Structures are given as structure tokens and as C-alpha cells.
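Sharing a structure here in C-alpha cells format.
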Amino acid sequence: MHHQFVPTQYYRALGPYEPVLRLKSGDTLTTTTVDAAGGDEHGVTVTPRGNPQTGPFHVEGAEPGDTLVVRLDQIRPNRPTGWARSVVAPNVVDPTYVKQLPETPLAEWAINHDDGTATLIAPTSTIGRLTIPLEPMLGCFGVAPFRQQAIFTATSGEHGGNMDYRGFVAGTTVYFPVFEPGALFFLGDGHAAQGDGEIAGTGIEISMSVTVTLSVLKTKTIGWPRGENQDFIFTVGNARPLDQCLQHATTEMLRWLEQDYGLDAVGANLLLSQCVRYDLGNMFDPAYTMVCKLPKSVLPARKH
Amino acid sequence: MHHQFVPTQYYRALGPYEPVLRLKSGDTLTTTTVDAAGGDEHGVTVTPRGNPQTGPFHVEGAEPGDTLVVRLDQIRPNRPTGWARSVVAPNVVDPTYVKQLPETPLAEWAINHDDGTATLIAPTSTIGRLTIPLEPMLGCFGVAPFRQQAIFTATSGEHGGNMDYRGFVAGTTVYFPVFEPGALFFLGDGHAAQGDGEIAGTGIEISMSVTVTLSVLKTKTIGWPRGENQDFIFTVGNARPLDQCLQHATTEMLRWLEQDYGLDAVGANLLLSQCVRYDLGNMFDPAYTMVCKLPKSVLPARKH
Amino acid sequence: MHHQFVPTQYYRALGPYEPVLRLKSGDTLTTTTVDAAGGDEHGVTVTPRGNPQTGPFHVEGAEPGDTLVVRLDQIRPNRPTGWARSVVAPNVVDPTYVKQLPETPLAEWAINHDDGTATLIAPTSTIGRLTIPLEPMLGCFGVAPFRQQAIFTATSGEHGGNMDYRGFVAGTTVYFPVFEPGALFFLGDGHAAQGDGEIAGTGIEISMSVTVTLSVLKTKTIGWPRGENQDFIFTVGNARPLDQCLQHATTEMLRWLEQDYGLDAVGANLLLSQCVRYDLGNMFDPAYTMVCKLPKSVLPARKH
Amino acid sequence: MHHQFVPTQYYRALGPYEPVLRLKSGDTLTTTTVDAAGGDEHGVTVTPRGNPQTGPFHVEGAEPGDTLVVRLDQIRPNRPTGWARSVVAPNVVDPTYVKQLPETPLAEWAINHDDGTATLIAPTSTIGRLTIPLEPMLGCFGVAPFRQQAIFTATSGEHGGNMDYRGFVAGTTVYFPVFEPGALFFLGDGHAAQGDGEIAGTGIEISMSVTVTLSVLKTKTIGWPRGENQDFIFTVGNARPLDQCLQHATTEMLRWLEQDYGLDAVGANLLLSQCVRYDLGNMFDPAYTMVCKLPKSVLPARKH
């Protein structure tokens, strides 16, 4: 079934809140997300800032210990401009350099849906008229956390949240551990494009029209968000510092290889050692994000 | 001029040692490197293990405060097999997972120069016969460090050293700050291929035939290694933890943009914010490595 | 007024839950806490493990932006034995050493209230009969977090939580930022004694009889928990890694000195530079804890 | 034998340099150290800044794999004023707070040898006339590093170096691993007093008259600096970030307990878990320092 859902309220934490809609496993959902500051498709601020989330969506049959499968079918900016911070965050430069970071107003970017680009239109600087490709993605999405916590949308964890990974584009499938009955899926914080690390604290923030297909893998338990696209499988570690993100993601990948690809520990280690790739997600949050990837070309057949 | 140099001794530290050869700025050098354990092209151990370095090479006219330009012209494995550790290092998995890492002998990989692949031939495991593309690179190279230090080849710093970055392949140009008269260039630790992070502590370790062209940029001072290839410019931060590597690399990139590309601070920050990419170099050393990249497609013209 | 409160339920998260009791600012409260595994004064498990909290207690007049003052009047173990993990956590030793950590059952410690000591009675080992002084303290306590989050009791933040600082003994006054009306104070996780860092993941875990006096500082806003005892004032930073804990605590101390002690920025920096002391709280949690201290002997008179 | 040595040159790296004096194991040495900026007892700059070291001193019979024992007999400031940085370093505060750190000239402190105090005499600020107790200590000392490295005096490692630990006062005995024949002992960077972490980047920097007694423990191999005073034994971890310092120090302490105190792994872990204390050394260097301590009151008798 394909649901159309128009949100009328938003949450700034992922938690065990009352679902706004109940779906069956396999259903598709089209909805909208406001931007990080609560701005909708008309540029009107409809809810307070802080990565407001659409949802939660209850997926029938999802129980703690299962896995929620989120296929990102479409992620499209639904208005003509996005905004961004203009200066990198003080935590991504040398402490001795922080005083040299400029103070600058927010940037404004024009979205061209026809040629698939974003163009910087303010503030003016020596960079002039910068045009880059659109890469629409979701910055913050996930499920209700374990032990009935409610965790705010600036950070991330085993439940997903504010991961700001450039890989979360349409065509990608994401897996989340289920901690609450119905999983309780949330989504928001769309970016028209973003640099690795979201090092200025924002991508090009914009409201989105999003279509996802949600389904449940019963009795399949994972520890951290996982995903796959045409070329790679990947695992996501959310923590601080980056070293720990990488440890979580690498450990989760070793487990995945042993559980689902029929590899023993030696085989999994041999494969990972020479073939692994890492991407940087968010490095601005309380919790950072790193992604551990393996090319499907080197993987044995999946058993499960 | 094109020098052919056959090494007869090796160093396991980068320091202010007597040069083995003196070159003019712009000269090309072809030489060989032994593998990380001191094995040469015949598989004979000719020097003790620990990333033994060929060199140092003195480049005439290089003075402290200048920049050494190293064009990596050719990096070719010069024997039929390489070796690797088989298990990822305990520092790249969750501390609670360390006890589950297997104990396994070194891996052996056969190099096929004809089709450009490496094939795992031992130990046997469920991964079977794994074949991956050759991506020959230098793991450890650089110049004599500042203040006449001698720093061992397991680690890295402003002077380069054991960075284990997959991007150091033929066709790449690398820039090092010069701290000693003549720069004193060292090279070694070739890998036939490597995963990001060198997370098992080795790539596919092999002896190499290497050709580089060395030249001096006078009165051009940089803080950290920089580089460029056909598509990207990049900066390299060597430190621990990863957060600090990224801070060094990002700061160095901001400086580069302002010094050489005619950008003011606002322009440099705007560009970096939405276009930056990060790669992971070594995450096994005492010092880790992260690389900050920008696509040349978004760069203004270089002024210097 | 002095309240006696007997808990009948416990929370494993600090959040915006319904208060169990309402107090006036200045009231004193005597209650009990179960141990980290839910064991009460009779050694009976009355609630699931995970630092179950007594509370929350609503303090009249406390509003977001105020400060809650918690005077720790009395913290007394109320049963004859406590338990502890016997082996240090894998994250506090070198990754290469983790495989050498032994596997051992929980330790049991006998509490002697007469001479104020704890004596190790199991497991048997070469350490024999180890007797150490009692230093009863609260491991996990604090208030409801900001933005209506519910954060589990294994970790810590601006709201307090599982800080496991040896300085939280009777005679200490602790200050928490107020995020919810009534502050919503929670307490639990008593330790008869503990090493710095709680490096095995537990102190000597025991149920407690606790007396605290709670009051409100109106329109006094702080960023992180603060405290004082007879000799020191201190600030508490909860985060990961330790470097960031120290940054939070040091920044909060600089703010305190400028806000309340009449110091300008130069004076605060001069004082801190040569007189600061740091203590380690928890280094086992998702979030670690470090404490920044100044001796009262070097402080100017408090203005506020 | 008691040697009097007057230095005429200084090193800014610890390395395998020609000894300035040869001692027998058990000999006592009285010498002087210049301050961190190269200033001597007359306040004259006699050598370039950067923790210049007196030495190296060769101790007869010390071979790689042995331990050098350094008894700190006397450490006395030998001039009437010391200097200090006035502002804490940007790496010890929140990145978002760095821009609020003031710019201030160096501080000057008057040393009163009669009453054992230091008094701040410049710059003027709201802190006024601050007087604190003298705690004379050595900031940077140690031995030539492993593998014939030469490592500059701003940082630290297994060989010691710039640890800036307030515990290195007269009456303390320090143990260093020996990497070079004769150990090659260096010393310098005296502080009249210092806050934990040396968070402004200096203590009260001053030239010193120092007496030490040097001896060799044959065939006693240690991994990191160790020490003891009247009340505690301790181990020193030098690395970055603090988490790793603590891991090194804790691992070294477990090894010490098992090797020299007759404890099995379970006993060592039980003891450490509830009795450990940690101190912060330098948090300004490239490498930070943390110290793991155990009270002698809880230790079994030393076997070796």
C-alpha cells in the first residue's frame, strides 16, 4: 500500500511517542519533511528549529530484536532555496586556528531542479557564484531508541538520528535495530547537498518530499544502522570521538560478514583488511559518525 | 637528469642523516624499496624489519621554509608475492570485541602484473580465492623532521612518514615542508594494495621499483603534507586521535585556499563547507592520518 | 521540612516523569536507593538492573534556567555486603592487552559500619583479605535533561547522571542546571567505595540510606554540574573522550570565576593556570567524567 | 660519588647524543637547569627556547632492557623570579569558547625562598596579589628514546620527556626504561609551581639547582616511566588523547603488580578496581600525560 501523509506536528527527539500513522510491513510512504529550522515548502517556519522530525510511523509486526528496513525511494527538495552556515565549526580546525574563523551570515543557495544543481547566492565573497551538483539526502532519521529513551535530534546512536552521511540518498536501503513495538520511524533534516562531516554544522538545509518503503526483518537483530546501495554494503558507527565511531562500524561489519555471508572470523578479517573503505558522516554533533564499507564486488553470496 | 640509485643501506627513522645521493631540483630518480620487513625483490631479508627507508636524497637548493615537490611517476611491485597481516588490529574494533579476534598466520598474496590483480593464496579460510585490483602505493615516505629530530618509521607527522594513504599512487604529486637543508627525502613501505586505514597493520607488503621527480618550491612554506591528482587537491593531517588529524588537515586546507587560490576567509569557508571530502589514511600507527580533499572542479584558478 | 520517602518504583532513565513527591525549596529528604542491579537493603532484587533511580522529586519554584542545589547530608550503606566487578574494563587498558584480562566472577565485599571499612571476601586470589576505608558516595544522580529527553542511567550529561565521581560524598553540595519545571531530581547507584574512573564498571555496589537537602537558586543559570566541599569548588564535564570532559569542566570553571567571583577574563585565567586540579570521574560509561577543581584558599570572595 | 656538573650546552631533543659526563650506578649528581626559554640563574638567555635539557649523563652499566632509577633529591629554584603564560590553551576549553580567551602578556611571579611561596606580580588583573605555595618540580626529563630516535622536548613518550606532572618533586623516585647504552639521562624545564595539566602551556618557569641520584636496575625491563613517593607507587602514560594515556598507565600498573608484587591477574585487577587513583600530567603537548597511582597502604610486599 502507498500512503500519503501530511504532517501537522513534529518531534525534536526520537522517542516512544504516539504514532502518527500505522503501516504494514512492505508499505510505501510519501510525506514531507521541514528543514532543520522548521521551515516548510513555502519557507514558512511551522515548528521550532532543531531538526524537527516527521513521524513516528508504526510498522506493524516490528518487535524489539527485529530489524527495520528503510528503502529510500525518493528524496526531493520541494522549494527553490536552501540555507547553510557559512563557516566551518570550531571543532574541525586546530584549536589555535579558531580565532581566525570569520563571522558571517547564513548562506543562501538556489536550487535548480532542471539541471540538478545548487548555486550559492549569498553572502558575497571571493568564491563568487559557486554551483555544485544536487545530492539530496536525509541528515536525521531513525527509530525510537532502546530502553524507552527520548534522544534529541542533534545527536545519534544505535537508533540512527542525526548521522549526516552523504550516502543516505535515494536508491539506498538502510537497516535499523528495532527497540520499540512498531519500530517508530522518524525522518527529517533534508540536505540538498552536503560536504563530508557536515563540518559547518549544516548542509544546504531544505524541506523535502520523501518516499520510503518500510518493512520488517523478523528475528534479525543488528547492533548499529546498516545499509547498502548498488555497489557497497556499509555499517554506521555513531559516537565520539571518530576513533570510536570507526570501532563500532568495523565491529558491526565483522559481525555482518560472519552472520550473513557465511564467513568465519579469519575470512571476515582477511576480507576487511585489504578491501575496507571508510566514509565520514557527521563531525559536528555531540555524537560523530563514521561509515565502514565493503564493495559488493568482493563479497561472497549473502546467506541470510 | 634521471638518476638510477641502488640502495645498500636503509634507515628506520627519518632524520638528519648523511645523504646517499644529491639531486638537482627537477631531477628524476629511479630506485627500489624493500618491504616493511626488509625483504627485497628476491624475497631476501636484507635489513631489519620496520618500514626500512631508501635514502635520504638531498635536493639541491632546498632550505628550511621551502616546499619539496614529489611527483610519484611510477610505483611497481618488483616481485611476485606480497604478505599481509590477516586480522584487524585491536584498536579498530570495540574494546569488548577484542577477545573475539582470531589468531592467524600472515597472509600471502600473489601479484599478477599482467591483469593488475592480487590474489589471496594463504591462509585458507571461508573467503576462498579472493582477487582484488592492484593499487600500488607508498605507505611511508617524507623528509627529515623539524628541529633535527629522528622519528621512527612506524609513525608520521608534519614531515610525512608512515601515512598509509591509498591516494599515494603513481600520478599523484605530494608536497612536503622542508626542515633540513636539502630536504632529505626518504621512501619505503610499498603496498600492492591496501584497505583504508591499513586496519590490519599492513597492506599487501611488497618491494617496489619506484620513480619520482623531486623539485623545490622556494620560499613556499606549508604546514602539513599536501598533494594533488587529476581530480582533487588534498591536505594530510597526521596525529592522534582521528579528530585531531582532521583538524590539522582542514586547517591546512583553509590556509591553502587563502594563500594560493585568492580566497578570503569567508570564501574558503563557504567552499569547504559544502564541497569537502575526507579520506582515512593510517589508523594503526602511534599517529593516525586523515586527508581533506576538494574537487578541482569547484576550485578557482590557482594564483601561486 | 524533613520528608521521609519510601520508594516503590524506580526509573532507569532521567526524564520528564511524574514526580513521586513534591518538596519546597529548602526541604530535606531522607530516602533509600537500591544498588545498581536493583537490590534493596535486604539484598532482594526489587527492580531490573541498570542504576535504578529513586524519584523524581519535584522542587517547588524550580524553573528552566534556575539552578538546583543538592546538599548531600548523609549517604550510608544500609546492608552488610556490596558487590563489584573484579576485572578492569577493556577500554581502560591498551587494546593489545585486552586478551590478557582474566574472566572472574563478581567480587563480594563485607561492610563494617563500626570501623568504617570494606573487606574483600570473594573471589579468592593472591590479593588475599583486602580491607579499604568506606567512602560512601552516589554514582548516578541528577535532574531531568533538556528538551524533555529521557536519558538512560548508564550515561551522563549536562543534567548529571552516571558520573561516578568519588567526590560525591556526604558534606558536598552539588549544583545542577534546571531544565524542567520542578527540576525533577533523581538519585541512585550508591557505592560503599570506588576507585577513580570506576574502571571495572562498578564501585562496591550497595543500597543506601540517603539524606539530601534540595533548594532552588532562582535566575541562576549554569551549564554543567558544579559542586563544593570544605576545601574546593569544582565543575563537572560529562562527555567522551576525556579531553572533551576536561574542556567542558574547564570552560564551566572559567565562567563561574567570572560570573560569581568578580574576576575578569585575565584574572580567571591566571588563577586557573597555576592552581587548577583535575579529578577523574567515570571512565566506563558511554560518557566519561572529569572534574575541574580550585582550592578555596586561592579564591577571592564570592560575589553571588 | 657526588658529581658537580656545570652545563655549557643544552639539547632540545632527547636522543643518542655524546654524553657530557659519565657516572657510576649509585652516583649522585648536582647540576643546574635553565628555564623553558633558555634563561639561567641570572635571568640571562644562554640557549634557544624550547625546554633546553642539561645532559645527557651516561650511567655506567645501563644497557637496553634495564631500568634507570632516578631519585629526585633536591629541586630548588635558583633565581628570584619565574615567568608563566597567563591564559589557558585553546585545547583545554570548549572549541566554541576559544574566541573568548583573552590576549595577555606573560605573567611574572616572585619566588620567596624563605616562606616557600610564589607571588604573582604581573600582569595586573582582578585577581590582584595571588600567593601560592612553591612546589618545585621537573617538567621535562628522561632518557634517550628507543631505536635511536631524537625526540624534541615539547613532547613525551616511553622515554619520559615533557610530562609536566606535579608529582615529580624532590623525594620522588622515577624509573625509566633504558634504550641506549648508558641510558643517557637528560633534565630540564623546572617549574616553581604548576597547575594540573600545565593547561596554560607553562608552569612558573624557572631555572633550578637539581640533585639526583642515578642507578641501574639490571635486567629489569619496564614499558613506561614509573615512580614512587612515600605514599604511592605510580605509572605514567604519555600519548594523545587522555584516554590513551590512561590506557598505557593502567596497563603498566597491572604489569607491575603481577611482576613485582606477587599478584595473579585476578588479584591485580581486584586491587586496582577499587583502589586506583589517577592524576593529570601535561595536557598541552603533542603528547598528553596521565598517571595511575596506588596507595602503598593497600599493596602487598614487593617481591622484586
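Here the chain labels run A, B, C and D in written order, and each chain numbers its own residues starting at 1.
Just so it is clear, contacts are C-beta pairs under 8 Å (C-beta built on N, C-alpha and C of every residue); 3 or more make two chains touch, one makes a residue touch a chain.
In this text, all values refer to a predicted model and were calculated from it rather than measured experimentally.
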| item | value |
| --- | --- |
| Type of chain A:chain C copy interface by residue overlap (half), same or different | same |
| Far-end chain from chain A, centres as C-alpha averages | D |
| Chain C and chain D, separation of their C-alpha mean positions in angstrom | 32 |
| Gap in Å, rounded to a whole number, between the CA centres of chain C and chain A | 34 |
| Approximate Å spacing (C-alpha centroids) for the pair chain B, chain C | 47 |
| Sequence positions of chain B contacting 2 or more other chains | 91, 95, 241 |
| List of chain C residues in touch with chain D within their complex | 84-88, 91-95, 97, 100-102, 104, 107, 118, 120, 123, 125-128, 130, 132, 193-197, 199-200, 202-204, 241-243, 246-248, 250-251, 254, 262-280, 283, 288, 298, 300 |
| Of all residues in chain D, those that touch chain A in their complex | 89-91, 95-96, 98-99, 241 |
| Touch list for chain C against partner chain A, complex | 12-13, 15, 50, 146-152, 239-241, 244, 286 |
